[in-house]
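Remarks on the structure that follows.
Note that the chains take the letters A, B, C, D and E in the order they are written out, and that residue 1 is the start of every chain.
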Amino acid sequence: MGYFELIIACIFVNNILLAQFLGNCPFLGTSKKMETAVGMSMAVVFVTVMAGTLTWVIYTYILVNFDLVYLRTIAFIVVIASLVQFVEMFLKKSIPALYAGLGIFLPLITTNCAVMGVCVLNIDKEFTFLQALVASLFYAVGFGLALILFAGLRERTLLARVPKPLQDTSIALVTAGMISLAFFAFQGMV
Amino acid sequence: MIKRSFFGLVKPKLQYEIIDEAQAEPVSIKTSKQIMLYIDQSVDPSLENAGENAGNVLLKTGDQVKTGQKIAMTDDAADYLLSSQSGQISKISTFVGIMGKNYTSVTIDVDGESSQNVDEGFKNVCQAPSLENAREFLTGLPGQPDFNVFFDSEKPVKAIVVLGVDDDLLSTTNQYFVKNNIIAIKTGVDLLCKITGISNAILIVPQHLEQVAGSSGAVVKTVDSEYPSAHPELIMRHILASEDGESKSKSGIAFFSAEAVCAIGAAYNTGKLFLEKLVTFVSKDGNKQLVSVPIGTPLQDILNEFNETLNDGDRVILGGPMQGISVFSADYPVLPDTDTIIIQDKNQITERSDIACINCGECVRVCPANIQVNQLIRFLEAGQYEEAADQNDLFSCIECGFCSYVCESRIPVFQHIKLAKHTLESMKAAEESNA
Amino acid sequence: MHSTLKLTVSHAPFWHNGSSISSKSRNILLASLLAVIPGCYQYGSAAVGVVTLSIASAILWELLINFISRRPISVGDGNAALIGMMFAMMLPATTPWWAVVTGTFFAVVIGKEIFGGIGANPFNPAVLAMTILMLSWGDLFDFNAALLNYQFDFNSVYPLVLSKSFGAPAVESLPLMDLLQGKQIGGIGSTFGIGLILGGVYLMLRGVIRWEISISFLAGIFAAALCFNILNPELYAGPGFHLLTGYTLIGAFFLATEDSSSPVNFIPMLIYGLLGGALTVLIRNIGTHIDGVLYAILIINLVNPIVDKIRPKALGKGV
Amino acid sequence: MPKTIVQEFTKGLWEELPPFRLVLGLCPVLGVTTTMENGLGMGIATTFVLFGSNFLVSLLRSIIPQKVRIACFIIIIASFVTIVELLMQAYAYPLYLKLGVFIPLIVVNCIVLGRAEAFAYKNKVSYSIADGLGIGIGFTLSLGALGAVRELLGNGSVTVWGDLSYNLSAAFPSYQPFSFMVQAPGAFICLGLMLCIINAVGD
Amino acid sequence: MNDMVKMVVVLTVLSSVAGGVLAAVNKGTASQIEAQQLTFVKGPAIKAILAGSSNNPIEDRFKIVDGDAEKSFFVGNFDGKANTIAFEGFGKGFAGDIGVMVGINMDEDKLVGAAVTVHSETPGLGAKAKDDPGLVSQFKGLSVKDSVSVTKDGGQINAISGATITSRAVCDAVDNAMKSYQKMKPQLQQEIQKFGK
């Protein structure tokens, strides 16, 4: 698979969120406002790229070599958790506005399946380092794209006269389903 | 009522009324029994302790008033009206108008001696025209001239704009004065320039009156015939090309209607206050007639003149079809700024609905202020007024009413906008008074 | 001396141009008949059955939801009937009754009502329902298989399948005039090109639909098809073919123009339409799906809220 | 009023039923519920981790320093996840294949960390076990229910466990599976509608 | 300072205990896991293809390095003779690789069967390749010299309706397997001798 196809596949066809169901909690949690969605997307891109490549290196050069493959889960989560700590400290110091905007969601990236999922997928699909880098970046971009598009729709849905039991999360899930359906448009393009 | 045209490729147009050669002369209507004056302030005269700074109560029931006498509730009140008739005060009451505004209504039983019983207050000062005595005596003239703008030292007035156009549809009042009374306008403009010391006077007229307007001595500018181009906000932006970002009150422009300018000129020239309002009366069958009627005359007197009967469910509108207000009784009087009176039959009224916005976008296309009304209305219906102001330009609205006119869901958009602005402004006022 | 007269007191403005949702729905229904009647003539009573069932069941679903959610009855605005009609226009005449009923359920209930009714649906309800059904029961909507028992005096292979399977040469022989006259198989109301165009022009002239969307959608198809065709004339059919086959015309005039899911400002409308057209051709030429119109419309519905943020500055705001 | 152990257990079955009342841990809910069996299997695996981590966190709560508590939770949780992963491979391999990437992802399941942080770190061992089991069983039942609905409509049949199954096509011979339900969009929409029903019942 | 020490100590101890426990569990389950993999991933396919063999093909296996990958080969005894061999080929499906186990009779150079092992195709569409024998049964009896492809591409295999991509991938997998077979046949014959008792 060429890199172009890989990119299209990561963003659209195998969208991490809409096709692989990873990262739903932040997806629903940070999509009520466009600004938050944009901030969260950027944070996820940043963390995913770093985590995706770092875990690939650790897996390939440490875990495999020392026959510690079974420690994959624990190793990955520790890497991701420390990374997020680092990003948090960095943002707090250098971009306080963004830090304030993302609020509680930064630590939650730690427990975001999308980041962990990308790291695991990179290994499962036996990507090379470069492929893992590209895939991490564009999976995250796909996540961000879906999140931002979703926020656009959701800003409107939040103002609509949705029946009571469907309000908020329920209708958001239905809307997410429709976005996922729309993304079927790209099926077979790679 | 102007319906949607069959073809709708371009955005809908509403044309202003155009006064033409064949226009019938105004019918003069007399007051039958009483007049009513609505003063923009509430003071309950029965209460002695109306507040420390409320001044002394001036009027009480049974007082005699003369023609042209200032009717104010207290001696230091800024708001007053001028009685167009002489007679005796028979009733003073307060009431709450739209958006929670307080009014005092003063009823005067006319004594039929109006031409003799004239108040001399203005005559004594008219030899020495000044801004102070204009403010003191002339605010109640037809067209309701506002002199307060000249007293705001923070925003000096740079230009005087005379509106020879009518802001709302169906009205021809100001055009009438430009067409038939341009000399009086010249007199008024000269006087205003003199007392204010401002030389920059501009007369705004519709295109067909440009020639006539030339003899006014003011700079003449024209506006086109499509609603709402004669709206003062738009005139300021498009015709006067003032800097963007400033609204009428901030920009140092004093607006006067042509009618008011005529009345000011006449007042200083003759020493007499002219208190007849020129009104376009629109009957149920759509006939339009200019009438001249003393300020304060109840609408019923005009209806009687035209043999118009009201039934349950009909609508009586003071002001134009786009911006006026509908009243609950035909006893309502003609006010100094009433340009139009419209009577609508029950079956001419389009019901408003509670259906949600369908996003048809008609409102967006007609909005002269470029507001995303389709988005705005969603916030307003949800009661999110602050978001509406922050994200959807609530305060850019110039209140032309066009969006409601075209709304396919028949949402009372305009009313929502006014309510939202009012709510936010009163919240802000409350905050400031608390701070 | 107060009179007891009860006058109507209401808010400005006191005029209204008389437009209404129901008159809009009526107009669209009327325009759609120009394509639906020839379709019914072509496919016979089965088509009439599908159309009536679709409209009736759409109305019933809406009534049911009105009832369950204890809201005012809203079928009077004609929108449910319209959704039923749009949905039926895309169906093959052989669609079984249960598929029609399930489809209108997804259109009216899932597509529209649960979002709060008219004006709140983020996606075109009829398109949504159609794609959901096609995902599940693809063979019902495979026009070649579905319409096998009909005898026509023209080539009865779905043109888009021809071009997809055998490339451009396979469809070169199809005269565009024939396609325009409905001499092709397809949905009940989506093959008679002349009717669709007349209906669309009627709606555009009357201001019922926003002409910018329809025109730019068609322009997008034309431009994208031309690019592909120039790139590889052996593989990719030309613009004329793409404009007159599949759901192109119904999509441009009746589906992409649905109010609630489309933008209202000029530039966004152009972007929306062009993107929709281009995506349609992209999906047809390199995607999995036979026809790209439905998915392209879902995608542009999806980007609509973002695109519609491109708007003129309000009075008094900046330059 | 402090709750009893039984209440701590039962709250996970309705008041705080995940993922409906506690809208967390949605990824496995959406990802693995194409069949009922998968849903139940995932639920059981998660319950095991929840039980283990709640137990251990609660047990060690006086030793674990406040500042590094999250790190400690993660290590504990990840260890249990790895154990589940290995055990499943050894004894339930077909299920492991179907649940795929979602097993290692239990480590980031918001519910597990959430319970450790919000409950086990603050409560006695017995209560924490009740809490973990209650939430876990509630989660398992929810996943099973969602899986059952999706499998029944989308496949036309439900396999309860092993060979025990119900076939819709047997009752309605002309039923054609509505396979939308087992695909990605169907997962979201089905979960959304189930949440709606639960909200309606809850009111 | 005390805090700091405690933090470091707790973390270190916790990590080492976790590492130790995991290492132990890993060791304890390793052999079971390998057996399971064979039984469940390749097992059903092998059993289906080599049905009726007198030995247990899952036990009778050997590995050969082909290119840079190690391949497992399973031996089937028929008519008292180790003459049939099964191994996996891969093709690129609609959503990821599809593995197909093929069985070849080495005496006749003919396919005795094929079965899908791993895939991630759409349930109801591509997944039929595994669940429904319609597609794979068509391979039985083909010669290893034939090239296989779907009818749409001019070949002999009828594709699964609505899943041409999957069907193509299965054909590719079989094709790949047969090509490697032809390439490695001498080596295979050598190895298979060892099982022929």
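The working rule: contacts are C-beta pairs under 8 Å (C-beta built on N, C-alpha and C of every residue); 3 or more make two chains touch, one makes a residue touch a chain.
Keep in mind that what you see is a predicted model, and the values were worked out from it rather than measured.
Traced through touching neighbours, the fewest hops from chain C to chain E number 1.
In terms of the stated touch criterion, the partners common to chain B and chain E are A, C, listed by label. Of all chains, the one whose CA centroid is most distant from that of chain B is E. Looking at A-D and C-D, the interface holding more C-beta pairs in contact is that of A-D. Here the CA centre of chain B is 67 Å from the CA centre of chain D.
Averaged C-alpha coordinates put the centre of chain A at 34 Å from the centre of chain C.
Separating the CA-averaged centres of chain B and chain C is a span of 48 Å. Taken residue by residue, chain B touches two or more other chains at 356, whereas all remaining positions touch fewer.
In chain C, 110, 114, 116-117, 119-120, 132, 135, 288 are the positions where the chain touches two or more neighbouring chains simultaneously. The set of chain A residues that touch two or more partner chains comprises 70-71, 74, 156, 160-161, 166, 171, 174, 178, 181, 184, 188.
Under the contact rule defined at the top, the touching pairs of chains are A-B, A-C, A-D, A-E, B-C, C-D, C-E, D-E. Of all the residues in chain A, the ones that touch chain E in their complex are 14, 70-71, 74, 188.
Put simply, chain E touches chain A in their complex at residues 18-19, 22-23, 26, 94-95, 165. By the touch criterion given at the top, residues 1-4, 6-9, 12, 169, 233, 237, 244-247, 310-317, 319, 321-331, 342, 344, 346, 349-350, 352, 354-362, 364-365, 368-372, 374, 393, 395-396, 398, 401-402, 404-410, 412, 414-415, 418 of chain B touch chain C in their complex. Remark: chain C residues 69, 110, 114-117, 119-120, 122-123, 128, 131-132, 135, 279, 282-283, 286-289, 292, 295-296, 298-299, 301-306 touch chain A in the complex.
The part of chain D that touches chain A in the complex is made up of residues 23-28, 30-31, 70-71, 74-75, 77-79, 81-82, 85-86, 101, 104-105, 107-110, 113, 184-189, 191-193, 195-197, 199-200, 203.
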